[in-house]
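Each structure below appears as structure tokens.
Next come two complexes built around chain A: one with chain B, the other with chain C.
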Partner chain A sequence: MKPFDLHAAIPGLMHSGDLVSRGLNIDEESVQLVYLSSLCDKQYLQSSIMQAFGDSSDRADFKNRLSLIPGYEQVQSGDAAVQKLLRGYALVLFPDAICAIESAKASTSKPLDATMESILQGPQYAFSEDIATNVQIIRTRYPSKELRVEYSVIGTVSQTSLAILYDASKVDPDVLLELDERLSKIDAEVVQASNQVQMLLTDRYHLLPTGLVTDRPDRTVLNLSQGKVILLLNGTPFSINLPAVFFDFLDSMEDVYQYPWLMRPLQALRYIGACITMTLPALYVAFVSYNPEFFRAQLAIEIAGSRAAVPYASYYEVFLMLFLTEALTEASIRLPKHIGSTATTVGGLILGEAAQQAGLVSSIMIIIASSVAISNFVIPINTMSYAVRVAKFPLIILAMYFGLVGIVTGIFCFVLYAASLRSFGKPYLKLFSGEAKRSR
Partner chain B sequence: MKRTILWMSVGMLLLAGLPGCGFKDIDRRFFVMAIGIDKSEKPDKPYHVSLKMAIPFSKIEPGKTNTYQLVSDDASSITEAIRHMKSKVDKELDFSQAKIVVIGKQMSAEILQKDTLDWFMRRRDIQGAAYMALGDPSAEEVLNVKTDSERFPGDSLFLSFDHDGTESSYIVTEYLFDFHRRVTEKGLDPYLPIIRPTGNAYLIDQVAVFDKTKLKAVLSPEETRIFNKLVAKYQKFDIETKTDQIQFALNVDKIKTNYNIDTSEDLAPVLHLNVRMIGQAEESSKSFYEKPWSYYERLAEQGVAARYTHLLQKLQALNVDPIGFGLHYCATHHNGQQAEWTAWETIYPKLAFKPNVRVEIKSSGGVK
Partner chain C sequence: MSRYFFYFMSISMLIHTILIVPRDHMNARYDGAILSFLIGPAIGGVLVYAYTRSLSKFKGKGLPEIAAERLPKALSLPLVLGAGLMSFIAGGMAWIHCAFIISKYLNPDMSPYALLILFVIVTCAGAVQTSKTVLFSTEIIYIVCVPLLVVLLIHGLFSKSMNYDSVKVMLDYTWVMPSWSSLSAATNTFAGYMALSVFNRTFPADKQIKHLWLIPAVGLILELFSFFIPIGFHGTDGVDDYIYTWVSTVDAFRMKYLLIERVVSIYLLILLVVTYVFTMITWHVGAELVTGAFRIRPPKKASLRTQLPRLAVCVLIGIGTVIAGARFDETTLFKASSFWMGIRMPLDVLIVFAVVLLSRWRLKA
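Here is the complex of A and B:
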């Protein structure tokens, strides 16, 4: 009896430490069972393959019994077999064929708490990190026969699985076509995050995001019902919603759940917040250093008085305070949660007050710095909040050189740029992207 | 590519140290709160310009933070004076908060010459909505007053004129743009409120009326109130009525005025002035609870009509027209080749005034 040629059957995997290879003998005939112990469920192997093996009288009988097990496939030797092994299949090698039986461990991934976009009254759980669970979540929340799920892989090395979901009756076929085209062009080696996929799908150097990344299943389902395409990436608890226009990024899910009289003013507050966080530091520089006639007389005298202790030009204090607040924001994201709160206390309370008393910044600058930071946090979607954080700096530089005229020009250019963007064919500044009334 | 971007960003960083050319921080500016123009004694330097400049404070407290610096200079023109004054102060002069221009009484004829006002209209940082007033005895003395209630220098004057603070029917407000218009417009003559300093406060209860070349007269406080109604469409008023039987005062909070000029009879042109006032009783020697009040209304009407006629006749006698009857006439009687203006010049001296006042008492002003 000749041994099986594992080299030929599964090239390259022979030296893996977790590869289990066992010969099974029936009478004089033998088969070889191969699996990766780290991926496969041993209990399941026992109850399916071993059970079938025990009951079989000869090799052909065993093969027949195997073919009855769910998740059975016949594969070619070589790369195809290797791929199956790497996905948690167990291979049974017959002299003339290779049978693959799906026996991956059940996912231990559970839905996480929705932390990225908290809302008060509404669904509280987010996606999990496992694609199958996520597809299941969406299927449960959107039990429509029109819901299509297509699987694909992304990343030449990571081979991360990617699910594309859409409502076939509502989706714009042009978006699907463009998505297919762009997906086929991606040649990144390792893809691990939804934001990364979103970036790869769009232009790398865009300032504003054109795909909406969310961890909320309810937002995802709402977008599905509005005819958008959803991408789910294995290993991340986020979905990518395409196409997405500017106004989607300033919507919270609570806007859909509450009475319009309550939510419209809050929505307005968010837009005002976005404007403030972008323009306020630049406006401060322009008004203090170029156009003090903007202020009322009393305010002008007060600002002049509070700036009297500051020996540097206005934009130095703006940059100093913005550096402090941006560094604080960054630190509180990166630091472990327990130290994070200490950092904000130290930074926010002590540095802000002390900087003013030391005469490095004026007292009005403290108010501006904090209102810029707070207004930034009212933007519900994180990627947009990042974009707006960045956009204020060019405005400050314009204000430094050209005053109010510079800011107006800067905002004009920003609007021009945003209007020139397209998200999968949809104009980025389009107000109402034709969503059906029934979806809210 | 990457190297270019690197060098460009280094360049940008270096540029960050250099601001633009209009750049001047707010604490490097001296805010001029009020401008005063007087006549100096020197014949070659007729303009005595004073500037009231605010000293900045980080925390405003009434009566404490209204410290100012008053700088004056004599020169042959306002521009010259300002230019020389810049050498007397340590910061850049900023006129963007200069909300009041006070003209000395001696200077009142000169200010009507177009080139004097020109300086104010041309400077981009002086607002057209700045207030104008006449300082009696001089602008400098008005500027040199420090009232105890002020939060910052000039605050008292601003509050008096913008009706944001006190709402007095004696205070007539005049704006720079409006004064400039009146100086040039045919059929609409300029006027200025008069500010009189009284120790550490002001008294503003008179108005000076001008023709196109000089100050013609100063109206009494009582005339000023009627003037305020007619010219500035001021809505607050009170009517004192006194007869042998009754004395009462009405507080009027709504006044509607319109007029038309009737020239159907060439020799006796008539101006019909319709005034409708709505108010409530404020003070009375008799109880006032029951309607009808028509008797009191008629009594009040007679008094008001007499006061209107008195003022209109006085302005007519002075041959000034701050209310703009002439402009109204020219606008409604177009006759080509400016013939309407010559027509008006003959009409105005013989114009008869027929005020038709209607007073309505809204309530007795008391609860029984």
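Here is the complex of A and C:
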């Protein structure tokens, strides 16, 4: 009896420690069972393949019984077989064929709490880290026969599976075409995060995000009903929604769930917050160093008085305080949760009183630094709040050189830049784009 | 899409009435300026009507394509090139005016040329964008800025310092035949329709632009405001003492309860951003027309490489603008812009006439 040539059947995997290879013999005839123990469910192997093996009388009978098991496929030896093994299939090697039986462990991933975009009254669970669960979540929330799910893989090494979902009756076919084209151009080796996919799909050097990444199934389903394309990446609890325009990033899901008269003011608040966090530090520089005559006299004297102890030009102050607040924000994101509270306490002490009492910054600057930080937090989508955090620095530099004229120039450039972007053919910043309100 | 037409028309009217035109009207206030407010909108209205209606017969085409299609090259090249250069000069003029005003009132320590260089660079960046991008950003800035400007106008109209006796005195000079310069200044207020020679490409063909009567009406009101409010504030002879009549007038406005007491600061910033939009539009139109005259058509997707010819043209004109700004002082600048408006009006009429003729002619075999 000749042994099976594992080298030819599954090249390159022979030396894996978790590869299990067992010969099964029926009356002088033998087959070989191969699987990766780390990926496969042993209980399931027992109840399906071993059960079939025990019941069969000869090799042909065994093969017939295998073909009745759900998730059965015949594969070619070589790379195709290796791919199947790596996805949690068990292979049964016959002399003339290879049968693959899906026996991956059931995912232990459960829907997580929605932490990225909290809302008060509305769905509280987010996606899970498993793509099948996520597709299931969307299917349950959007039980339409028009919902199409397509699978593909991304990343030349990581081979991360990616689900593309859309409502066939509402989707814009141009978006799908462009998505296909851009997906085929991605040549990254390892793809692990939704934001990474979003970046790879759009231009790498954009300042503003043109794909919306969210962990809320309800937002995803709303976008689906608006004819957008949803990407789900295996291993992340986020969905990518395409195309996305500027205004989407300043919408909270609560806007849809509440009375418009209650939510419009809050929406306005968010836009004002975005403006403040972008322009306030630059305005401070311009007002203090260029055009103090702008304010009425009392206010101008008040500001100048609070700066009396500060020995340097206003933009040093601004950069110092902004550096500290940004560093504090960054530290509280990166630190382990247990140390995080220490950072805020220490930082709060410095930012609050000490810097002002030491005469390093004016007391008004402290108010400005904190309002910049707080206003930044009202932006609901994280990527946009990153973008706005970055966008305020060019404005400060323009204000340093040109004063208020520089700020107006900077804002004009920002508007122009945002208007010049296209998210999968859709204008990024356009008023009255007339999006369907029926889904609200 | 036809709302965009009103945006760039009214932006152009605003810029002309607050930046360029008032000086001419103030100089001619006893010599028929008021009558020119009635004749100017009439001529302007007819030109706007003729131009929009004849361009709407060409579906999704701009002036370069139309001229290339229906005229021999010896005629189409100077027509399109001339229209493009006129658009460029209008924008450059506005920048030089604006740089002088800003350096006088807002950044007194800064040389106007430094400002002019900043303005020109940003405008070049704006002008090389696609037509749609230009229209989208125009809309946003329009919606944000123009209501503020209207509030300021109304504030000035009901201000206590506004002396209506001077206005009544001026009305005695209504029936004086206008001079060429004040007539051309009043007509030039409506020159924004020239932008349609490029933006016609982006407008859907099946829809006519409606409510065209709004344009002469609004233009008339703006011109009357920009003429009578300064006279009401400064007096019939006092207006002569100021170079930039409008800015000095707004400087006299005072908002009692605003953090910012002097309204002129807000006004200047709005003026600046509106000028950005105006020059972006005119230079975009200029760049498209000049490159279009040499048969370079706008690409489907703009990238740095496809926009390179436009950028080159804009940069050339930008350098020209900065040099011109360094050469001019205020006296020569006002003389130059008044002279420019005087020759621009007949040229505009010529272009409109040509396009009307082209739209009537059948396509040559």
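We take it that the second predicted complex is superposed on the first by the 432 of 440 C-alpha atoms of A that agree within 3 Å, B and C clash if a C-alpha of one lies under 4 Å from a C-alpha of the other, contacts with A are read in each partner's own complex, and residues count from 1 in each chain.
Just so we're on the same page, contacts are C-beta pairs under 8 Å (C-beta built on N, C-alpha and C of every residue); 3 or more make two chains touch, one makes a residue touch a chain.
As the structure is a prediction and not an experimental result, all values here were calculated from the model.
Look at A:F402: by the touch rule set out above, it reaches both chain B and chain C.
When the shared chain is aligned, chain B and chain C each come close enough to touch A:Y290.
By the touch criterion stated above, A:P11 is placed in contact with neither chain B nor chain C.
Applying the stated contact rule after C-alpha superposition, one finds that A:L431 touches chain C and leaves chain B untouched. In the superposition on chain A, no contact is made by A:G23 with either chain B or chain C. When the shared chain is aligned, chain C comes close enough to touch A:A419, but chain B does not.
Shared interface residues of chain A, touching chain B in one complex and chain C in the other, are 290-291, 293, 297, 402-403, 406.
Contacts from chain A toward chain C in the complex involve residues 290-291, 293-297, 299, 402-406, 408-409, 411-413, 415-416, 419-420, 427, 429-432.
Chain C meets chain A in the complex at residues 102, 106-107, 110, 115, 118-119, 122, 125-126, 129-130, 132-133, 136-137, 139-141, 143, 259-262, 265, 269, 272-273, 276-277, 280, 302.
Those residues of chain B whose C-beta lies close enough to touch chain A in the complex are 12, 16, 19-20, 22-27, 29, 31, 33, 54, 56-60, 65, 94, 96-97, 99, 125, 127, 151-152, 154-155, 158. Every residue of chain A that touches chain B in the complex is listed here, in rising order: 287-293, 297-298, 300-310, 313-315, 319, 363, 397, 400-403, 406.
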